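In what follows, a single structure is set out as structure tokens and then discussed.
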Amino acid sequence: MKKLINSPDSVVADALRGVEAAHGDRLRVTFDPFTVVRADAPISGKVGLISGGGSGHEPMHGGYVGPGMLDAACPGEVFTSPTPDQMLAATKAVNGGAGVVHIVKNYTGDVLNFEMAADLAKAEGIEVETVLTNDDVAVEDSLYTAGRRGVGVTVLVEKIAGAAAAAGRNLQEVAEIGRRVNANGRSMGVALSACTTPASGRPSFELGEDEVEIGIGIHGEPGRFREPIGSAAQLASRLMTPILEDLPFRSGDRVLAFVNGMGGTPLIELYVFYAEVAKLAAEHGLKLERNLVGNYITSLEMQGASITLLKLDDELLRYWDAPVDTPALRWGA
Amino acid sequence: MAVDRDTTLAWMTSFAASMEEHREELVQLDTAIGDGDHGTNMNRGMQKAVAQLAAAEQADTGAVLKTVAMALISTVGGAAGPLYGTLFLQLGTVLAGLQEVDLPSYAAAWRRALEGVQARGKAQAQDKTMVDALIPAVAALEAATDLEDGIRAAAEAAHQGALATTPLVARKGRASYLGERSAGHQDPGATSTYYLFKSAAETFAH
Amino acid sequence: MKKLINSPDSVVADALRGVEAAHGDRLRVTFDPFTVVRADAPISGKVGLISGGGSGHEPMHGGYVGPGMLDAACPGEVFTSPTPDQMLAATKAVNGGAGVVHIVKNYTGDVLNFEMAADLAKAEGIEVETVLTNDDVAVEDSLYTAGRRGVGVTVLVEKIAGAAAAAGRNLQEVAEIGRRVNANGRSMGVALSACTTPASGRPSFELGEDEVEIGIGIHGEPGRFREPIGSAAQLASRLMTPILEDLPFRSGDRVLAFVNGMGGTPLIELYVFYAEVAKLAAEHGLKLERNLVGNYITSLEMQGASITLLKLDDELLRYWDAPVDTPALRWGA
Amino acid sequence: MAVDRDTTLAWMTSFAASMEEHREELVQLDTAIGDGDHGTNMNRGMQKAVAQLAAAEQADTGAVLKTVAMALISTVGGAAGPLYGTLFLQLGTVLAGLQEVDLPSYAAAWRRALEGVQARGKAQAQDKTMVDALIPAVAALEAATDLEDGIRAAAEAAHQGALATTPLVARKGRASYLGERSAGHQDPGATSTYYLFKSAAETFAH
């Protein structure tokens, strides 16, 4: 394992020192417990938005803290959900009196820890609504699993619900909009290589020279299927078909297409992939109104990509376009 | 030998050492069907737990267990943090205020701990989780007539339960995403639960 | 070699199809020859800015085309400088009558091709000024080499000169500001792994499990030195010392610090690295006024990072802060 | 056999085939001390050149060489594009309008081509570039008394020149960044220049 780190034990704290050094003018970083909070939080009267999850998915979530998006993030250890005390601290830090939305990716650990945190926050008199993301169509048989995983749509929920909160919508409305994004979003991913957590020091799985994992999550877990690698066009179709069928997306639907890199995929390949996704979307009759191409929800240095399609309506589109001013997503500001 | 504050402290110290010793093994088990952090998570939590136990006088068995619970909840994260946190919180709640714990109380506390873990995680038997080690261990305790024998039997039952997770297809937790590919690997959480009972058995064998 | 591509021969064209699909509302992509041009070019009376270089360094340069930065980019084949006809086409497309600045990284191929292009453009009556970037302090002995390579500072030149052009400065002024950025910027990089071009299919070099290449360029070439890997703190100091000594940077200098990922380094590691860079800069007495952390000038999927320090003055700072609206760099707009 | 339009066309066809055949080898040489694209660059350029030669009637030797020059300039990129482009442009300029080229004219054209390459790239002898193959090749042509023999001698000299780049430390082009580490590898551009003369020798041996 070769990494640009000081030691496996200190990697999250060290990275947070970097975040503080780079963005200390607009973010407040706490180390005990780990939180990343908007410098101007809490905003009186505004619904607070927090999210959190294991580290190793950067820029998610710390990179999305700022006006128009999250009010705080709780970074856990690498690929390990954060703990309730982090979430409680973040919830208190961003509560402007209008309640706080917890955006939670559907993994057992994240769900259980956020559940405990919500109980603690409510016990302290803070209203909390939880928006659970579970957009991964690779997990088909959700009765016999922990349910679908929350993956790419999480970024879109954070942006769009964040804009709704910035626009002054109330707690129920912000949560409802977040849930609407999740309900209208579907994702699936492919890995060309594994990743190595600093603590384990070994790749999370071994792939042959011409194999890929289809239907991966974001924690270096193996996917649902191991298959021979195909061209970008073939892989795009391998992922798009289940996505399109699942919602289902219909001809004429207005969509946002999000091609996400898993961390180690060069941008040139993501654009090659996006070209194929756009082609398939057009063939399916979709109206591609917006897009996002880049490394936004990652698995350390994993090579691979995921596709997220979000069916848009006027309101979601308006909130997507609204100004956002965070380290990793910034426009109109 | 009885379950009391000091034996419970010794048990927790032994479990912390066991998590350090088996960190790598649990990481490997979790790499196969999960995300490779279970050993690191449990070790981080238990080192924090023994540090906190050392930092303040613990009134009784229940206090020890609650301190461990809070340490795990605030340092483990992941699925294991809330689940083991709940386990120790329930144990500690039932045993609160007791200086000496007899077999029936101990078994009852473990029954409550098991129920707490299941209430939180919604796992049933055969879902390939720590519950598959807990269920037979608690049953063994309940069936016992002697505390020491009971704990030894529980450890043996937890071991069998953990081994028996290998052929199962996971239906809860991260491993469930693998579907059929989760079969053929022993569950990391069931394995750490076995080590928890093994530490108890070793503590009470002294 | 495992890549998300259709074929090694079509990777640049395929990626440009993706750029067109994703950003067609604001960029115009041509395929014969390859250029990426602002949709609203030429802007009458504004100095045009173009750059170009081999592909595989994304988001550079195509991701920097837009208001406040470049007017056009010329993508070559992977790691191969573009050709004069591309540069001529781009120059003509962005010439609004106020002349065109060519931003050229100092590599023999880039220099020679841009020289030919400038001759051709001048023959057609277009005024051209060339800004050469050569900020890489790893190349010490420039009398016996092709001179220092242009690396990280190129991004800063494009941003700052782009803002000067947007502010209405004339050709000489925009070129002078670009040269000033280059003259005040210094960079050095480290590779933890090689990269593999689609055409060659093999890693550009082989490194041992605990070795790094120090003083790399951006084309997968081996560096100046092969050394044992150190901690992030040690590697930061290994790169910062020659950078600080070279300009030299002095206590009290106001600087912009740019920590750049080579493409395959997760953002969490770049922030760990940035923390060390910021610490060393502070110890040296520098005033860290601005920063940029991310994958901005890359070598395909190489793991590693480079550090660029730029000594700021009021004017450079003002142009750095000015609005920019490109796919890869966007603020204030 | 004389240098005229048809033999020049045959030479260029042979060189294009040679670049295709040796693409991989040139990529490997360039990977060691450069960025691994020289073979791909030259092959892309020469395939385009023969396609353009086929697409339109070429008036004479000079026209053939200028078509090749323009094709290389607009498709090769990198250092090799402008340098080989300049080489063929100078050759074509000197030989423009000639139907048959004799040895003195041919040698003079090559001298101008060498000067053009050096004017563009500023490389001297021993800088470990294509110039190290060109210099002895041009000298051999100038020393010759017979065209066919001269071309054969030039190919042999280019070969020796290319081989002799191996121990050199590069002072121009991308390999120069490696400093001492560039020694011990044969220069890719000098090698492709050797193949250029080898193709000529083979063409004129027929």
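Chains: A, B, C and D, in written order; residue numbering restarts at 1 for each.
The rule is simple: contacts are C-beta pairs under 8 Å (C-beta built on N, C-alpha and C of every residue); 3 or more make two chains touch, one makes a residue touch a chain.
Keep in mind that what you see is a predicted model, and the values were worked out from it rather than measured.
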{"item": "Label of the chain whose CA centroid is most distant from the centroid of subunit D", "value": "B"}
{"item": "Distance from the mean Cα position of subunit D to that of subunit B, given in whole angstrom", "value": "74"}
{"item": "Distance from subunit D to subunit C - Cα centre to Cα centre, in angstrom", "value": "32"}
{"item": "Centre distance in Å when subunit B and subunit C are each reduced to the mean of their C-alpha atoms", "value": "54"}
{"item": "Multi-partner residues of subunit A (at least 2 other chains)", "value": "78"}
{"item": "Two or more partner chains touched - positions in subunit B", "value": "none"}
{"item": "Touch-based graph of the chains, sorted into line, ring, star, complete or other", "value": "line"}
{"item": "Set of all touching chain pairs, with the criterion as stated earlier", "value": "A-B, A-C, C-D"}
{"item": "Residues on subunit A engaged by subunit B in the complex (per definition of touch)", "value": "33, 54, 76-85, 107-109, 112-113, 115-116, 138-139, 141, 144-146, 149, 197, 199-200, 202, 204-205, 217, 219-222, 224"}
{"item": "Of subunit C, residues touching subunit A in the complex", "value": "2-7, 11-12, 14-22, 55-56, 58-59, 63, 78, 192-193, 209-210, 212, 229, 231-233, 235, 263-276, 278-279, 288, 291, 293, 295, 298, 300-301, 303-305, 325, 330-333"}
{"item": "Contacting residues of subunit B [partner subunit A, same complex]", "value": "27, 31, 33-37, 40-41, 44, 73-83, 85, 120-121, 169-174, 176-179, 181"}
